[in-house]
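Both complexes below contain subunit A, partnered by subunit B and then by subunit C.
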Partner chain A sequence: MLCRSAPYGSSRVRDALDLAMALGAFEQAVSLLLMDDAVLMLLPDQDPSPAVSKSLLKVSGALETFGVSAVLADADALAKRGLAATDLPEDVTVLGTAELAETFARHRLVLSV
Partner chain B sequence: MIFSLLVQESPSSRQSSYSAYRFARELVDSGHELFRVFFFRDGVHNASALNCVTGPEPDLPRLWQELAEAHRVDLVACVGSALRRGIIDAGEAARYGRPAASLRTGCDLSGLGQLVEACIRSDRVLSFGG
Partner chain C sequence: MTLHILNASPFADPALTQCARVLADGDALLLVGDGTYAALEDGAFAHLMQGIVGLIEVCALAEDCQARGITARLCAGVRMVGYREWVELAVRHEKSISWFGA
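Right after this comes the complex of A and B.
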């Protein structure tokens, strides 16, 4: 699954995570690839409580529980936002351009939400 | 080849639903099987029975319904997305005490499992508006 939107300001990321977890719950091998502003959802210590009803931090923390086997982040998107792999949780895999191409090729289906 | 489509945006404000419909038509006209069209997020407005199109623009809920009837395509609106947007069948209208049902005939309300099944059963799944 590919997600490119900022985590707050629209329901898109919430819905994307719901779908990723549904795929995992039905025992499909699913990876969640975050590009563009979507990488921001990986940052620790989010406190969106003044802005939205529910933090995505707990939802994203539940991904592994629901069978989402890999969370992947685009290195270029991180660099453009002044972020490094060390800013992210340890279980996130950061991918360069060549690895992104290989990742797309390796998956039977790519769903963009 | 077996296809399914994931339609995510409103038919009245974004182009992607009409693009999905035109693609669906081409699929069935070319002899492919269209297994399921899954309406997700604002895409559930494609399943409205109450929309009124007065100008020359395409009436997508009606077009989807006609396509489904002609080619036995399974139309499913995500129930979570649909409830939030007031796209409900008679059962949900009764359950939540709403004065009307708004889901178009020929489309079902169901969960994300239907999209997962479409992913399993289809050779290709195309996402419109993702």
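Right after this comes the complex of A and C.
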């Protein structure tokens, strides 16, 4: 699954997380790839008002439990936003451009959300 | 062998730039909706688009180009297609990736 939208500005990231977990729960091999503003969902210290949303970082922490194989993030998007690998959850894999291309080639289906 | 479908204007969203990073031999790029503006021959993305045209097959949905009045302003090598050819492109490639405005 490919997500490129910022976390709280629309429901797209939340929808992507829900769908990834649903697919994982049904034992589909699924990875979540974050590009552009979607990498901002990996920032620590997210504290949205409960009325607005759950912390999407906390939701993303449950992905592995639901069988999502990998969370992948574009190194270029992280660098442009001043995020370092040390800012990210440990289980996130950072990909350069060549690895991005290889990732798209390796997956049978790509769903943009 | 991927069909990349771009429907975001490159002037509003980095979808084209991101898509261009992962294009591979045998892929095709189909411009639809505001994505057709990516092929404007005198536009800021013409250079990038010419590079892509030299690498893979690039098509634009004729109906969307006509609607925007840009049919005669597109980069050389961009092929006009209809919905039937869109289906053929989808069948001919292993998978499709949609690039829309984030």
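In the analysis below, the second predicted complex is superposed on the first by the 110 of 113 C-alpha atoms of A that agree within 3 Å, B and C clash if a C-alpha of one lies under 4 Å from a C-alpha of the other, contacts with A are read in each partner's own complex, and residues count from 1 in each chain.
Methods note: a residue touches a chain if its C-beta (ideal position, glycine included) is under 8 Å from a C-beta of that chain, and two chains touch if they have at least 3 such contacts.
Predicted, not measured: the structure shown is a model, and the values here were computed from it.
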| item | value |
| --- | --- |
| Subunit C versus subunit B, contacts on subunit A by residue | C |
| Touching partner for A:109 - first (subunit B), second (subunit C), both, neither | both |
| Subunit B versus subunit C as contact partner of A:22, first or second or both or neither | first |
| Which superposed partner A:2 touches (first subunit B, second subunit C, both, neither) | both |
| Contact residues of subunit A, present in both the subunit B and the subunit C interface | 2, 12, 109, 112 |
| Complex contacts: residues of subunit B adjacent to subunit A | 6, 8, 40-41, 80-81, 111-113, 115-117, 119-120, 124-125, 127, 130 |
| List of subunit A residues in touch with subunit B within their complex | 2, 11-12, 15, 18-19, 22-23, 26, 28, 109, 111-113 |
| Complex contact set, residues of subunit A against subunit C | 2, 4-6, 12, 35-38, 97, 100-101, 104-105, 107-110, 112 |
| Touching residues on subunit C, where the partner in the complex is subunit A | 2, 14-15, 18, 21-24, 94-100, 102 |
